[in-house]
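Next up: some structures, all given as structure tokens.
One chain, chain A, links the two complexes that follow: it is found with chain B in the first and with chain C in the second.
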Partner chain A sequence: MVPSDYAIFTDHLTRSYDGRRVVDDLNLAIPRGSVYGLLGRNGAGKSTTIKMLTGMVQPDSGDAWLLGENVVGMTPQHRERVAYIAENHPLYGWMTVRESVAFARSFQTRWNQSLVEMILDHLEVPQRRKLSQLSNGQRAQVSLAIALAPEPELLILDDPTLGLDTVVRRDFLESMIEVIHESGRTIVLSSHILMDIDRIADRVGIMVKGRLVVDCPTDHFRSSVRRVVASFSGDAPDCSGLPGVINARVTRGQLELIVVGFSEELEQAFCSLNIRNVDAQELNLEDAFIEFTRGSRRSLPPFSMEPVYA
Partner chain B sequence: MHKGLIYKELRQCWFLGALTLLACMGFAWWGKVTTAGYDVPPPPLIVKARFWSVQMSLDVLSANFLLCSGLLAIALGLVQSAWEQVGGTWYFLMHRPIPRGSILTSKLTAGLMLWAVCSSIPLALYIAWAATPGTHPSPFAWWMVSPVLHTWLSIPMLYLAAFQCGLLPNRWHGTRLLPCVAIGGLCFAMQFLAAWWLTGFPVMCVVIAIQLKALYQTFSVKGF
Partner chain C sequence: MDVQVDVSSRVPIYRQVCDQIRLAIAQGKLQPNDKLSSVRELSRQIVVNPNTIARVYTELEREGILNTRPGLGVFVAEPRSDLTKKARREKLMEQLNAFLSGAVHLGLTQDEVLKAFEEQMKKFQWKG
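Up next, the complex of A and B:
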């Protein structure tokens, strides 16, 4: 296995806090040029994973590579190829926008000032105003401009749209989409807002209690998780043992199942349980995510992932 | 070292230096008016300042100047380390493409520069005043400056300890402040050493070397 084939590659990455495994044996392989959405509920381990990837937190065990280089002891040259926007866009509130840009620029060897001007002008961010006087959305744009100016190969964003209103979120994502059009650039973003991920990510990873339980193309995940509505005669059948069934409930005399990977095997099982009029509905990403993660980890069936290690 | 970062640190912390200078000016003014016979109430919690008959030799005004200097060192150390944590700006700063060691060196250089300038100005002016014949009715010899100088020289240990406190991950503030308390006690004890340049100074150098080693070690592996 050559980690340099991937923009991000982790090998059994593990981290605990106070005896609790926050990230548990994480094997992640994100292809170059992809837009990867890292999803998970609060405390699933997304932020800790991102912090380990950027060298902000040391893993207890395991290794991680960004752009083919190990993150342990990242060199300045390596770090310059990777942009990182932390949660809440931390910048110095007492600096003006112009000062903040100049401060960030002083560290870089490459800097595309016209790109910075373009992003800030497009959203009419006043450059003479202090960052503390800007709205969350404007601060997010400044943060994005600063991250993009060195023209990084890899962009890692930790919940970048957190706290932004709908319009600002849309503006931010449109800026992101423009960035995506730059060839060969890889973007990894974590988010709670599934619509954002659905809009821009071509692959998703879902973390549940520190473990990566899904890692596949977004469309594949969306089409694999289905809501199955069926009718039955007599007592409600026990579907808990059926292959791919995450959740089963009876509502208004109908059986409602959440299924991962609707297969012929499952259809045959339905016949044997006297379940009829089976209607399998596709879910949007948000519903699919909610249905997939709302149960306990034990209830999750092995997801039909694409092979991670090619 | 990174010039941009040093400049940023100086801009971020200049107000602490300014406050220290203001406090020292206040002490000087207060000492002057009380010596002149005006009945001015002392500020709360501060040693009663009065120009004693023998200047510089452990007098109260220089003690107050040193107190301000020590408080400045502690405030600077904490602001430069813990405030980055509070604001989450470590994430921004630590992802800049320079070695972690350079970030720490730049921060320490800026902090020590600001401390040295702002704490030495009041003392230097006071010493100059005390050494000028005809300004006060008491003898003056340069050796009288020694106790003040020894204390002042040991204050950087307090700055480094405060910086370390800001980096420590302990959740209980008692444990977190341990380096500051220990070094504060050491600074105090060192004033009683005889032949300071032969005993206190080497001890101070060793302690500072250990503190720097610990800081660079902490900083190189610290999680944020």
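Up next, the complex of A and C:
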């Protein structure tokens, strides 16, 4: 594996705070041209990962490459090909929109001003207004316009729709779709809004306690996690050790299991345990994520990372 | 055509769009040689990753429902079937059995199912 084949590549990236491994032996390999949703509960290590990728936090060990260049010692010319939008869109409130665009421009050699004007006009962001007077949604759009102006090959967004209302979030997503239309560009975003991820991400990575436990196409993840409802006779069977079962409970005389990767092996196990009327339902992305990451104390089963096409 | 995406549904977005296009064609809302929205247009319209739409078109093309005319766009294909009469009948029986067992498990009567079936059939565009 050559790091330059990937937009982002990390090798055993690790970082601890107060003796706790916040990011633990992380191996990311994000293909160029993909839209990658980095998911995880609060404290799973998403933001620390993004900060290590952008060089704002030093890893304790391990390496990271962006567009084939090691983050350590990256030249300004190379860094220009990467744009980063921080959580909550931090911009100086006392600047006007026009001033903050000019301010950002002064750090760049490549700058597509007509693109900035187009985005701001299209979204009717008043350029003379101070940033402190803008809504959260308008601030998000300004930071997106600034991030896109150097026409980056890689765009990293840390929870860009946090705190935006439903309508503004949709506007932001529509802008993101436009960005995706620029082929060849890679977008990595973290989010808690799984429905947004479902719309725009090709691939998802899920972090649990600093580790990457899922890394695959979005549809593959969602179709792998299933809720199985079945009936049984006699005492409730113990399903905890069965292949792929990550949660089991009995409600109203019915057995309810959460299964990752419904296998023939599992079906045979059901037969021998006298479990019948097995109904395996697919879940939406949000439910699949909740069921998969809930109760992270137990170890998660090995997740087949890539779909196997017959 | 009007495509709706329900992100809270258990059905993946990809399959929702496939199903809706198949249905629109079967009901005659889209006719052979009608042009579909481009990948970009549809992606914008329903706010979904263009790769997902491209996958839908590829899949429907593979099924022979759509065809791409290079430089012109994606069109509804002329209806055709490579299957023999016997094979088509077998496929129909397979689908009917699945449908009927579903109806029985819902606890419906024969009359109710027949009535609903006839009602629904009128909404589709049939051959000949």
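By our rule, the second predicted complex is superposed on the first by the 304 of 310 C-alpha atoms of A that agree within 3 Å, B and C clash if a C-alpha of one lies under 4 Å from a C-alpha of the other, contacts with A are read in each partner's own complex, and residues count from 1 in each chain.
One rule holds for everything that comes next: a contact is a pair of C-beta atoms (placed from the backbone, for glycine too) under 8 Å apart; a residue touches a chain by one contact, two chains touch by 3 or more.
Worth saying up front: this structure is predicted, and the values here are computed from it rather than measured.
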**OP:** Could you tell me whether chain B and chain C fit or clash when both sit on chain A in the superposition?
**Re:** fit
**OP:** Determine, under the contact definition given at the top, whether A:K46 touches first (chain B), second (chain C), both, or neither.
**Re:** neither
**OP:** Identify the partner contact of A:R211: answer first if only chain B is touched, second if only chain C is, both if each is, neither if none is.
**Re:** neither
Original post:
After lining up the shared chain so the two structures overlap, which partner does A:D198 touch, if you call chain B first and chain C second: first, second, both or neither?
Top reply: second
Original post:
Draw lines from the C-alpha centre of chain A to the C-alpha centres of chain B and chain C: what angle do they form, to the nearest 10°?
Top reply: 150
**OP:** Once the structures are superposed on A, label A:R139 by its partner contacts, choosing first (chain B), second (chain C), both or neither.
**Re:** neither
Subject >> Which superposed partner A:D219 touches (first chain B, second chain C, both, neither) >> reply: second
Original post:
Taking the superposition as given, does A:R169 touch the first partner, chain B, the second, chain C, both, or neither?
Top reply: neither
**OP:** For A:N88, select first, second, both or neither according to whether it touches chain B, chain C, the two together, or no partner.
**Re:** first
Original post:
If you stack the two complexes on chain A, which partner ends up touching A:R185: first (chain B), second (chain C), both, or neither?
Top reply: neither
**OP:** Compute the least Cα distance separating chain B from chain C in the superposition and give it as a whole number of Å.
**Re:** 27
Original post:
Tell me, which parts of chain A touch chain B in their complex?
Top reply: 51, 54-58, 76-77, 79-80, 82, 84, 86-88, 90-95, 102-104, 106-109, 150
Original post:
Where on chain C is chain A touching in the complex?
Top reply: 5, 7-14, 40, 43-44, 47-51
Subject >> Residue ranges of chain A touching chain C (in the complex, touch as defined) >> reply: 35, 170, 173-174, 177-178, 180-181, 195, 198-202, 219, 222-223, 281-287
Subject >> Complex contact set, residues of chain B against chain A >> reply: 2-5, 8, 11-12, 87-92, 94-99, 221, 223-224
